[in-house]
Amino acid sequence: MTMINGTFFVLAALLVYGTFIIGVLVATRSGKFTPKIRRIAALDSIEEAVGRATEMGRPVHYTPGYGDITSSTAPQTFASFDVLTYVVGLTAKYNTQLIVTCKSPQSFPLIQELVRQAYLASGKPDMFQEDTVRYISDAQFAWAAGVLGIFNREKVAANIMIGYFMAESLLFAEGGAQVGAIQVAGTGNLAQTAFFVAACDYTLIGEELFAGGAYLSQDAVKLGSLGGQDYVKLATMALISVGTLLATFNSKWLVDLMSK
Amino acid sequence: MNISTNPWVWFMGIGMLCLFSFIYKENPMYRLFEHIYVGASAGYAVVVNFGNILDRAWTPLTTKGEVNLIIPIILGLLLYTRFFKQIAWVSRWSMSFLVGIGVGISTFGLLQSQLLAQSRAAMVPLIVRGSDGSFILSQSINNIIMVAGVLSVIFYFFFAMEQKGAAKQVSGFGRYVMMITFGVAFGNVAMGRLSLLLGAMSDIFGKWLGILG
Amino acid sequence: MWQKLQNIDRRIIYTLLLIVLFVPMAKPLGIPLSVNETTQTVFDTIEALDPQSDTVLFVLDYSVGGQADVHPQAVAVAKHLGRRGIKTVMVGFVTDGPMFAEQIIAELGDRFTYGETVINLGYMSGGETAVKSFVEDPKNSFENDHRGNRVANTPIMSGIETIKDFSYIIDFQTGAPGYQDFLRQLPAGFPYAAGIVTVCVPNVIPYYNSGQLHGLLQGLRGAAEYEVVLGEPGEGAARMDAQSMGHVVIIAFIVVGNLAYFMTKRSVKKSA
Amino acid sequence: MRRGVPLAIVFIVGTLLLLNYFVANDTLKATSTNLVNWGVIVSAFAVGLASVNLVRIHINKISRQRPGWINSVALVATMAIFISVGIYTKLNPDNAGAKALFQNLFDHSYSPFGSAMFAILAFYVASASYRAFRMRSLEASLLLIAAVLVMLGNAPIGELVWDKFPVISNWLLRVINMTGQRGIAIGVAIGGFATSMRILLGFDRGHLGQGE
């Protein structure tokens, strides 16, 4: 067994950063420490959005986006599931219809199960219908065409889009705005964040997407993980600062080490 | 060029126009072609995946004796236990298999090509000198902006910290950098999107109606 | 009135955009366009080739989805090759390639003689593996061309033994396989140029700067620039004019919206 | 069985795949290639499951004659045509007629309809920038100005007005845009990494549904 060239530093990072995250997580779970999370306006606004849909007696639309669970987009999809669980709870509380549209056939059974169980946990199993979670198509623009149709025909009043998105982001954001829906969005795909920022009412930027689960559920495990992420960021900032100073003085020591 | 006499091209042209009509208003013709399109693509997905099962599982299993392929076939079939309440929980095995794949193949890339490669690329000299040792002002300024920008954007994402005072200023600068980034991204795709529309227009007006071209 | 200009119906914007795009497509305006050095390189290289001895490998690695940017480039370069009578061997490493090759040959039929100055070898599957095997043995990679002729019997292929018998490779691409695959498989320093989609430009520029690419056509603009140096305005130039007009409309509406916003704010202040 | 087995599957499959990136070992490599291939096969079965949901929703609409049921007929019929022609072609690869029919179906519906929906984005870029780009705050102004400068740098007409537009837009793209993207990418990677770790090690079970 030999290590593949150029992966030494990655392994070191995996162990060190992983220890930060799991360490803080375990400390939080055992009640030794509780990170206090700052306000994230876009996440607060979800309740407002669902509330408004309730007042208008119109449905809430949720989509976890283009991403699936078997590729590099998986973490963003999982982050979306956390927010979805919260949204199901809200719609159960307010008795508001929820429509979840889904592009990835792989995540479809997971989403269906998640929504069904979340309604069960909220004591409203009857709110889960066969057409609550809808697989539309795994072709990007067919799914987009279907979602735009749903916006118009079912008069969606709140549109929540959290997960990995591609070019359909603007179709949804602009299409949602045209039916007057209040929109909350978030994606880790940088190129598409721009459209969400421009066209939606509230947007989760970058890593904020991954804060949703902890922030909304106040679950100790997730809060701890979020606290651990801060330490990883601190370490990354330190690493960049040291590397920059070394580079300024013509040393490539760190850059070389990182390639090992 | 003349108007096309090919019925397939007519179907294509009418379908495209009906889908385009959505930008005016959602209407019965859009609805019809939306459903045709969804049906076509969902059917196509079934065909492609039927082929996948046939080529990757069934054929090697039955003709080459690759017995291990019985495992994914069983896992795949177990997904359908969801239709039977009593044993529905078994489908979780298949789902967790997929989840395991997702976690297994995304973690390394996140660390190596995203986190570490980007950190490494951010390490640039703050004082840039030419090959003859002369100081290059413009590049030095660019590099200082880049390092300060990256650090403050990362700082913006600290969650377990109230952002007040100096901290607020730093993360505020990070937010400004991000806003310009988003503006650039938005402005930059305008061209690509217009290209696509021009392509679609030339299909409709050129290939089908024969006006352009 | 300013209040109204803050909320212009989107359909007005769409209609204007459509008209403004359509007019230059039907009748190009000829807005002057500066020509990138990367485009000029491709033109100069082809201009310096000798119709007697040189053969160009014309690779069509683009799919239907990305053709809007790249197909006009391929047409413009093919026009140049045809006009100069340079022998052109077309091949595709994506499935749609041969179809576009046929389209180009049909459109420029009077500039080429099939089998003598142009040939469409067809599609070779396997991505980078296919590129590798073609580079290693271009002569025997195809038995029959896309039209079913025996490749060995065609005059154009009679002079081709190894990849070095091609004087220039130009590869029009929308993704993989593309420049990275070719640069990995070709002998170092081989004259290879790429035609790419606009969104890829930032990623590809470093390869041109490092000298690995002998020319680069950048998106639809690259096509338009090529038509300019060629002196034959075509689809690229027309669409580039349309691009300009489209951008003008978008920016104009942003300006109007902001003007209206500030004027309304001012009048609200005044009345308060 | 209900709780332990799924967590074990995630851990074993995930760890094997992750390990394969670090260690050069033929058995491990073969195993992970197999696992990924199995993933494709299981995913293929998932497409069937999802399609059942799609068809059931529309059959329901048709049988209850809900408003718009005729569209559901179109959907189910198109789907049936694609599936039957496609599978027939797959099983009889030598039948040129079926092959051509399937190609025509693809080339004249699936593919161009996708381009049509994609092209709608050009209109939406225009309306979204008109609606959203107002100088309400410093942040909104930065967004707007950057977008307009880049548009002027890209379109030839901008260059005609002032030849420095491409220079400015290039600088924005190469310096500021790069900086912002880098910072955000690092954050996203950290968040994604933490999520993956929680799931891999079984701290997070939300994806398997809560309760029983």
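As written, the chain order gives the labels A, B, C and D, with residue 1 at the start of each chain.
By our rule, a residue touches a chain if its C-beta (ideal position, glycine included) is under 8 Å from a C-beta of that chain, and two chains touch if they have at least 3 such contacts.
Remember, predicted model here, so these are calculated numbers, not experimental data.
Each chain gets a centre from the mean of its Cα atoms; the one farthest from the centre of chain C is A.
Measuring from the average of all protein CA coordinates, the nearest chain centre is that of B. Counting C-beta pairs in contact across B-D and across A-D shows that the higher total falls to B-D. Chain centres here are Cα averages; for chain B and chain D they lie 4 Å apart. Chain centres here are Cα averages; for chain A and chain D they lie 14 Å apart. If you average the Cα atoms of chain C and of chain D, the two centres end up 26 Å apart.
Rounded to a whole number, the gap between the C-alpha centres of chain A and chain C is 37 angstrom. Of all residues in chain B, those touching 2 or more other chains are 19, 22-23, 31, 34, 37-38, 40-42, 44-45, 79, 82, 92, 95, 98-99, 101, 103, 105-108, 110-112, 115, 119, 122, 150-151, 154, 157, 178-179, 181-183, 185-186, 189-191, 194, 196-197, 199, 201, listed in ascending order. Across the assembly, chain A contributes residues 7, 10, 17, 69-70, 74-75, 78, 105-106, 109-110, 112-113, 136-139, 141-142, 145, 153, 190, 193, 195, 197-198, 205-207, 211, 226, 229, 233, 236 that each touch 2 or more other chains. For chain D, the set of residues that touch two or more other chains comprises 21-22, 39, 43, 46-47, 49, 51, 54, 68, 110, 113-115, 117-118, 120-125, 127, 129, 131, 133, 143-144, 148, 151, 154-155, 173, 180-181, 184-188, 190, 192-193, 196-197, 199, 207-209.
Under the contact rule stated at the top, the pairs of chains that touch are A-B, A-D, B-C, B-D, C-D. The residues of chain C lying in touch with chain D in their complex are 8, 10, 13-14, 17, 31-34, 64-65, 202, 221, 224, 240-241, 243-251, 253-254, 256-258, 261-262. Interface of chain A with chain D (complex): residues 1-4, 7, 10-11, 17-18, 21-22, 25, 69-70, 74-76, 78-79, 81-82, 85, 102, 105-106, 108-110, 112-114, 116-118, 120-121, 130-131, 133-142, 144-145, 153, 167, 170-171, 173-175, 177, 188, 190, 193, 195, 197-199, 205-207, 209-211, 213, 221-222, 225-226, 228-229, 232-233, 236. Per the touch definition, chain B reaches chain C in the complex via residues 23-24, 189-192, 194-199, 201-202, 205, 211-212. Those residues of chain C that touch chain B in the shared complex are 10-11, 14, 21-22, 25-26, 67-69, 197-199, 219-221, 235, 239, 242-243, 246-247, 250. The part of chain D that touches chain C in the complex is made up of residues 111, 114-115, 122-123, 125-127, 129-131, 133-136, 144, 148, 151-152, 154-160, 163, 173-174.
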